[in-house]
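What follows is a pair of complexes built around subunit A, which joins subunit B in one and subunit C in the other.
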Partner chain A sequence: MTTTAPPVKDRPGDGDGAGGGPAKDERLLGNPALRKLLGRPELGAVVGALAVFLFFSVVADSFLKTSSFGTVLYAASTIGIMAVPVALLMIGGEFDLSAGVLVTSSALISSMFSYQMTANIWVGVFVSLLVTLAIGVFNGFMLTRTKLPSFIITLGTFLMLTGLNLGLTKLISDTVSTKSVSDMQGFESARKLFASELTVGGVELKVTILWWAGLVALATWILLRTRFGNWIFAVGGNAEAARAVGVPVRLTKIGLYMGVGFCAWVSGQHLLFSFDVVQSGEGVGNELIYIIAAVIGGCLITGGYGSAIGSAVGAFIFGMTSKGIVYAEWNPDWFKFFLGAMLLLATLLNAWVRKRAEATR
Partner chain B sequence: MTSTPSTPGTTTTGGTATTTPLVELDDVSKYYGNIRALEGVSLEVHAGEITCVLGDNGAGKSTLIKIIAGLHQHDAGEFLIDGKRTTLGSPREALDLGIATVYQDLAVVPLMPVWRNFFLGSEPTKGKGPFKRLDVEQMRRTTREELLRMGIDLRDVDQPIGTLSGGERQCVAIARAVHFGAKVLVLDEPTAALGVKQSGVVLKYVAAARDAGLGVVLITHNPHHAYLVGNRFVLLKRGVMAGSHTKESITLDELTRQMAGGSELEELSHELAKAPAPAHLGGRPVDGGGHPVDGEGNGTPPGGSAKP
Partner chain C sequence: MRTNRKAAGRTAAALLTACALALVAGCSGSGGKDSEDKADDGGGGTKAKTPRMKIAMVTHSGEGDTFWDIVQSGAEVAAAKDNVDFLYAANKEGKEQAQLIQSYIDQDVDGLVVSLAKPEAVKAVIAKATAAGIPVVTINSGAEFSKPFGALSHIGQDEAIAGEAVGEELTRRGKKKALCVIHEQGNVSLEERCAGVKKAFGGTVENLNVEGTNMPSSTSSIEAKLQSGKSTGEFDTVVTLGAPFAAASVKAKAGAGSNAEINTFDLNEDVVKQLKAKEIGFAVDQQPYLQGYLAVDELWLNKNNGNVVGGGKPVLTGPALVTEKDVPALEKFTARGTR
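Now for the complex of A and B:
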């Protein structure tokens, strides 16, 4: 964030006794930096993340090892890459229930297209990008044209994609998983981009963490510093008002769905190049985890409020919880319970923080 | 109509205008299928003047607004902007010609900061290519200055606009229209949902816009507010024009009487005097003719004894 606005020189007001241009308004009590911090959407999530971190540091001995850090970050990044566009979409006032299976679709398309055409794997990767973007456009177009709730539209896409993933894979490969493509041309270079590992300071980090960080930074830039970002907040906060002042509401929403398509493509390619073989039934249920990460991160489920950094913190909480339970040597069945409790607590905390922040204004 | 070119400086208070109106409707009609929404309405908007459009619910005020704002096209009559015949195809076209409309309820996005709202849809940018970004400094500063100039001293342009009062929100929306170069300002019931004090703030602001040389169309159903600031008054009733007056030619009492329906009001007081309270509200049962069954004569009027 930039600094506060420069003082206004020619103050016509008399009663405020602050001649010479005060740097801040005297009616603003307290520390402006603290006030600004309290007004951030991701504050609740950061507090929650600290609590989860402390909790597992105490109950799980191996949680604090540097190697565990890489594992936790990896788990967080696989969710985080998708939580970013889902958060943006939620700020724009919409859902995408098809996001989970779209990741699987993206992996299936690259794998099967390249295999069937015996083409360079990069051809499949490129075709997959086109298809996922097209599905994003389809979602956005259907939504803005029919004016039905996005819940219904993307529930439809979700079911259709689930069926297509299974049906087409069985039709083409005769099994529910794809054939191995690891010996095909271009596999190694694509693997480098989507599923390589690098060692930083003794910690093994997956490349998805870089993708994740890059996407969060890009999304934050878009949200806070571009016209498109302004429009995202506006279409989620009050679409009619946005339309009335000339914001292209339909294009903004279609763009957001294309963002989901793009990230699903990244995520799907990672899936393909790290496991080589793709199970066509995967991905169902993940869409809810993305939404949970965004909501824990402070996105308002009704739209118009939230941040990309918040979604990253939400994903990080997810990563810590899923791996922390393993390090604590508990039954992983408890994971879902923790996730649910976390969602409720974080949402309550967010609501409370937001109320406090607005009251201090 | 004279052919004198319009000069925004020549304010003609009182309606004896000799300049070309910024916007003029002449005998304009609008039909939705076979429903008459508006018929034979004429009005003039001059620079530095406020033209008030008064009417009850369903009188055709919103249809009139939509024609001026470019959302709908008129079916008959003439729509002149700066003396030229026009048909507006879209709100964008109207904006480009300097006609800005501020709607009562869809003016702002409540959760967004004031400065983001102020520039929504017309955000200034700096930088090139992928580094093209919002000019945040300028946006914040301009918002603060524009609001200050119109007499609104905000504590913090970063506060969500939803935390402002209804009147302040209207003022921000109006200031925005003025800043983006509107020549004609169309205000849809700006004081409808506001208290007395807030209405005063908005009316002061409307007067400030008028004094800045803008032509203002003020839609309202409050004759008191209209008479305070208006130069011309157009009364609508069920889609047709029920009267057109300048401030000299009409008193507040007469405007109020006409606005309230005049003769219709008298009729209503008759009806109220006659009608007995319904049984489920504690009244006595009535026969088919509306008379109480127990034959005691007239029922008690609910609002006291209103005599015509």
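Now for the complex of A and C:
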């Protein structure tokens, strides 16, 4: 991308981004590389992730085994793939509560469409992509048209999708889960793309980890190197001001919701091709986990600030914590409490580090 | 200043005395902690001298589910007796359940106990466990998948058979229209129970989905359904698929002014009380305690004596039909959470 960025200031890494504060003469400050590092939104999360990693390395014997590493990364990737678009959306100032069930919808659509039409699996996969993108457009369109809070709009979509998932599945396949599609044409190739395993240096890695890494890289490039990325920061920082300088606010937001749709499609296909049968009632509650990952990773709930890499670190913290508790053999009745406490601590550490970082600027 | 502090001290002392008095005078004559059965857990005895082993159980339970708590207490008693380190984790999403099992494989446990409510989700990871030489015992529903997945044994209840037993009993009781309350949307084994009821029942069956983790919402949904039934032909029986929902249905029935008989799958202390009070017709017990206890015991026996139970067939722990007549014998066991 060689286009010059439009004059929008709110960019992390610009040095004078969200931190604000009295403007100092930049030339008076020391090492510019260090300064740039301290200004990154994900710095706090990285320190938090290190703390969580060290903690579980000490308390859980099997945490440092290589096979455990694959398990933790896989857990992180299933959250991380969705945390990326949710983080972008949050930078753009909006939420999507339908993201969790949309994953299930996407898996249900490809499975049932292919099965009912006795078509090649890839047809269903493609139809599913169209539908999830359409749901993204619907969310974005309703939001920008009605100017209602995204909380309300996507809560509506969330409930409707939950009902549709079960209602349609039962209507079409007569049970609450889909029929097995593993013997259909195209299943194996689709499985390779969405749910295969690679062995790297004795560690079994799921392909979702590659998807995750790819999506994080793509989102980071969009945010920091493209015009659309500038628009995202602009609409999240101040939509009215952005509109005034000519940013297509409506288009940007619809695009962000389509991003959520696309990633939900990827996760949904993974769900389908790794388990072959999809349960219609799943996915509820995951939307909050994606949001949490984005917030831990340094996204501001109010919009205008954050990063895709941060969301990945947030997902990694979540994956380490949820599996680390199992490796540490703690009493499962307290699982959610430990999870909550670890997340809170990670977030506090994150906030503290960021404050220190801003103070040193 | 000094007088103030003294006065404050006196007030505090007075308050303390009043509280103590209230505590003594306010003793409840019934219920409460004092009424708990002090009997031991039924395990007791001496511990086995076999080498320490580690067994993990991973189920699809939601948080704080009574049923799975009883399974766990059975497993814990067997573990204590067999010198076993017992670990437990649960998640109601199939994908998460599979990840939890994988974490225990990473930990090199000596045996795994897995519930099969979402068989396809855990299929691959069970194969991994057996490939890694970790024996797996499956419990609860999904008996038909156990053997093909390579599990040692299955200990549980055949949901269809249990459902049919309920259907037959309802027909015997002369019922015409039943409401089957599903408390976990998308749980295959719950659907199988309702299907079983439908198959063996002479009358008609309607299913109702409720939000199982939200009791007030479940109660109001059942109430609304019972009321709506008034115009289209009244329900004369409600079948709930979990013990806590029987209590919810009793409330809903009163709210809707319905005469439906409440019957339920599974037992707990409340259900026994309600059986006694004739608020519930009958209950189908699948003896969750046995599922936990036998699963751990089976893994221990297999390791130390090479035993396999069931002879290639599932070991059934239910259905056992329980009515008001069985209450005296049951009360003691449900009160301590083992039945």
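Everything below uses one rule, namely that the second predicted complex is superposed on the first by the 308 of 361 C-alpha atoms of A that agree within 3 Å, B and C clash if a C-alpha of one lies under 4 Å from a C-alpha of the other, contacts with A are read in each partner's own complex, and residues count from 1 in each chain.
Simple rule for what comes next: a contact is a pair of C-beta atoms (placed from the backbone, for glycine too) under 8 Å apart; a residue touches a chain by one contact, two chains touch by 3 or more.
Since the structure is predicted, the reported quantities are computational estimates derived from the model, not experimental observations.
Of the two partner chains placed by the overlay, only subunit C lies in contact with A:281; subunit B stays clear of it. In the superposition on chain A, A:177 contacts subunit C only, with no contact to subunit B. When the shared chain is aligned, subunit B comes close enough to touch A:234, but subunit C does not. By the touch criterion defined above, A:74 lies against subunit C but remains apart from subunit B after alignment on the C-alpha atoms of chain A.
Once chain A of one complex is fitted onto chain A of the other, the partner contacts of A:202 are absent, as it touches neither subunit B nor subunit C. Per the touch definition, subunit B reaches subunit A in the complex via residues 91-92, 95, 101, 103, 106-112, 116, 119-123, 125, 132-134, 136-137, 140-141, 144-145, 148, 151, 153, 155-160, 163, 176.
Contacts from subunit C toward subunit A in the complex involve residues 63, 87-90, 93-95, 98-100, 102-108, 118, 120-121, 123-124, 184-188, 191, 209.
Within the complex formed with subunit C, the subunit A residues making contact are 61-62, 65, 67-68, 71, 74-75, 78, 166, 175-177, 180, 271, 274-277, 279-283, 323, 326-327, 329, 332, 335-336. Subunit A meets subunit B in the complex at residues 2, 5-6, 8, 11-13, 16, 25, 27-28, 36, 39, 221, 225-227, 229-231, 233-234, 237-238, 240-242, 244-247, 300, 304-305, 358, 361.
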